[in-house]
């Protein structure tokens, strides 16, 4: 998912003695494979992950790891395993957080995984830190790439950074690498913005975090000269969400959790409006049930603050032209409102 | 105090514990206004309110709430999260209350079921909101629960008797709110009965019997109502065919039905109902399915 | 010499061209079918459209689905999407309007205006149901010309219910209704009504449509659809006689406002444009590339996902 392949690959190669197959990047072939074997109105991440699984098996994998819970995500693996078996592949799909609870070490032992006990905790710590640094950098990029003097400077530094992250040797090395690239990014020459237009990006996590699933919306918005704010990233989901949700529930604005990130998104809408963002873009994969339930509430909140919201429902049939027309028109509107 | 009216929509949760609440309010001497059986008008109301991609059953539920809006003192809207970790519900069940609050102005009577709260807590909460003395709540709860259970037992007994019949039998696997909805399931049921087929409903069996059986088909399934419905399949070894009925685009059924279909060996028909499916399409599919059963 | 500006709206079904002067008066216009060949359609437009004596062209704007291609070929000074163009034109010619309903060939949209600004808009969810293309294909099914749809719909007393949310289902529903013997005018009226209901439920969901309302796009020529809009919204709905040209007018206005102005010469007649489509096999993305040539000069390559071109 996005560039998170780097830390995850790092983690797996450092804690497992088994051979780890790096999943190939998502291409149109992944999508074709995925949608060919998926049920009709399942949500899109199912199709993406199924496609990636088939491609990884072709590269030699026989144990596939899924993570997810909260909505339909948690049930993906069982059906995916069945579909793969019916296709004649022999493999196991393992879900690390099945049914809302984390899998225990004991259960993990049932699978043919050889875990290196040495450096186990250290590797986990490094991975966690790596994710944290990546997310921090991406936050910085989203608000600054729009002003870069030379096009592509940020993307170049980011690519270099990910490549060196993959090779770090220890905690200190990671920290040093991070500092180095942070400096590099801050040194990128920027144009002085004439006017700042800020857009908040909310919605369903897979679509937000996988550029292949969202038509690289962040890059596009940045290229129009808009700053982008996105709450959802792995750091948020794994380490901050629990605390935030508790806080949100105390506000009594929405009484209950509504599954997945629906509650978070409603609160983020409110926050974005209060902080004076110019527009909000809500993206989700088609048929994402929790988000569908949240949409009317998000719309109402934004209406109260008179902040325009653009809803996108992405799936493989999304035509690029249709998407661009809508996005451009939205951006034109934000610019006109600003004048 | 003036007598209050509680509006109960004939949508999704109604089909699970509607009977219980009917008796409960009766005992507590509170007037209840039920919305009528689903009509095209109610569907249209729901469609005009709900986002396009919401499932038809949810749209119908909202349509019922909209029908009751302004006609009663309270709208009765629960929120059902989970009974335990292995028995969760669809995320739509989690958003009933907050959605209703967004759409409607009538005050809402709400209770919550999750790991820490069960139906009794719900009854106590509703009762205290309507300022009914605790003793009467408990009494009404016990009686209503017993009555509701009795109805379920009778239904279950009838089903088990039908299972012994010699005629061709079909099991409908679906959520209760789809099978018994006047618009979603009725055409199908009528067609099957006209063709002399005995129809069994997955939701008329007792959850105690079906729920554990679901693991035979899917080990990791963690949705209660899906477990209850597919658990009926191993229970009804003797049926000649199975009809999967779901509404477009139900998130749970899209996965669960697909998995189950890949595992069963019986003739099956997978029907997905959207408000746009025309009667003719359904007729052709059901007729050819019946023909298939006759030959088997 | 007085300044004038050319606006071209290349839609999926039709191509529109207009010439306006500095005060936004319409000088000349033309309207023809795209027929799947935007370049040929634009050449046709340039052949037909006349720049009056005493005027000189100082700007070209393109909009519509082929705006980028044509904009590149004509060296346009403004290339903008059709939503913005429609809104700009409507705000110029009908400053009082607060809501614009638009149903075009393949998409439909609603634009809301407050204080002479677009305040909100929505578009159909990437599906052709309930648009002009949908009506044309249903007309073909019934063996009629879509132009006669409107007048026939007006004669019906009892429009039939037709489910129009999805093209495929609508078609089977329609055929079924026709076969069990509903009169044609009721079916046609039902279709028109379902287009309106579908539009209001789908595109305008959750929006408060404030009067004055104007109805635009190719389908606005259909009296049946207009009638049901008025009936269901219980409001007066205006239709501009130039409603079908609004996109082109809007982009011409934007072109006139653009500071980058230069003298244009319309002599594309003898220039050959060529586009070559090919699939790139360099990676598994297998992008469909489109190479665009003017004469033999390569102008641009589109469609690359990895950024190679």
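Annotations
Letters are used for the chains, namely A, B and C, taken in the order the chains are written, and counting of residues starts over at 1 for each.
Definition applied: a residue touches a chain if its C-beta (ideal position, glycine included) is under 8 Å from a C-beta of that chain, and two chains touch if they have at least 3 such contacts.
All values reported here derive from a predicted model rather than from experimental measurement.
The chains touching chain B as well as chain C are A.
Taking the mean of each chain's C-alpha atoms, the chain closest to the overall C-alpha centroid is A. Inter-chain contacts peak for the pair A-B, counting C-beta pairs in contact. Here the CA centre of chain B is 45 Å from the CA centre of chain C. Spacing of chain A relative to chain C, judged by their CA centroids, is 35 angstrom. Residue positions of chain B with contacts to 2 or more other chains are 51. Multi-chain contact residues of chain C (touching two or more other chains) are listed as 125.
Shown for chain A are the residues in touch with two or more other chains, namely 296, 313. Chain A makes touch with chain C in their complex at residues 24, 27-29, 296, 299, 306, 308, 313, 317-319, 321-322, 324-326, 328-330, 332-333, 336-337. Listed in rising order, the residues of chain C touching chain A in the complex are 65, 80-84, 107, 117-121, 123, 125-126, 206, 283-286. Of all residues in chain C, only 125, 163, 165-166, 169-170, 172-173, 176, 200-202, 205 touch chain B in the complex they form. Of all residues in chain B, those touching chain C in their complex are 47-48, 51-52, 274-281.
Across the complex, chain A is touched by residues 49-51, 53-55, 79, 81, 85-86, 88, 90-92, 94-95, 97-99, 101-103, 110, 112, 218-223, 248-252, 254-259, 262-263, 272 of chain B.
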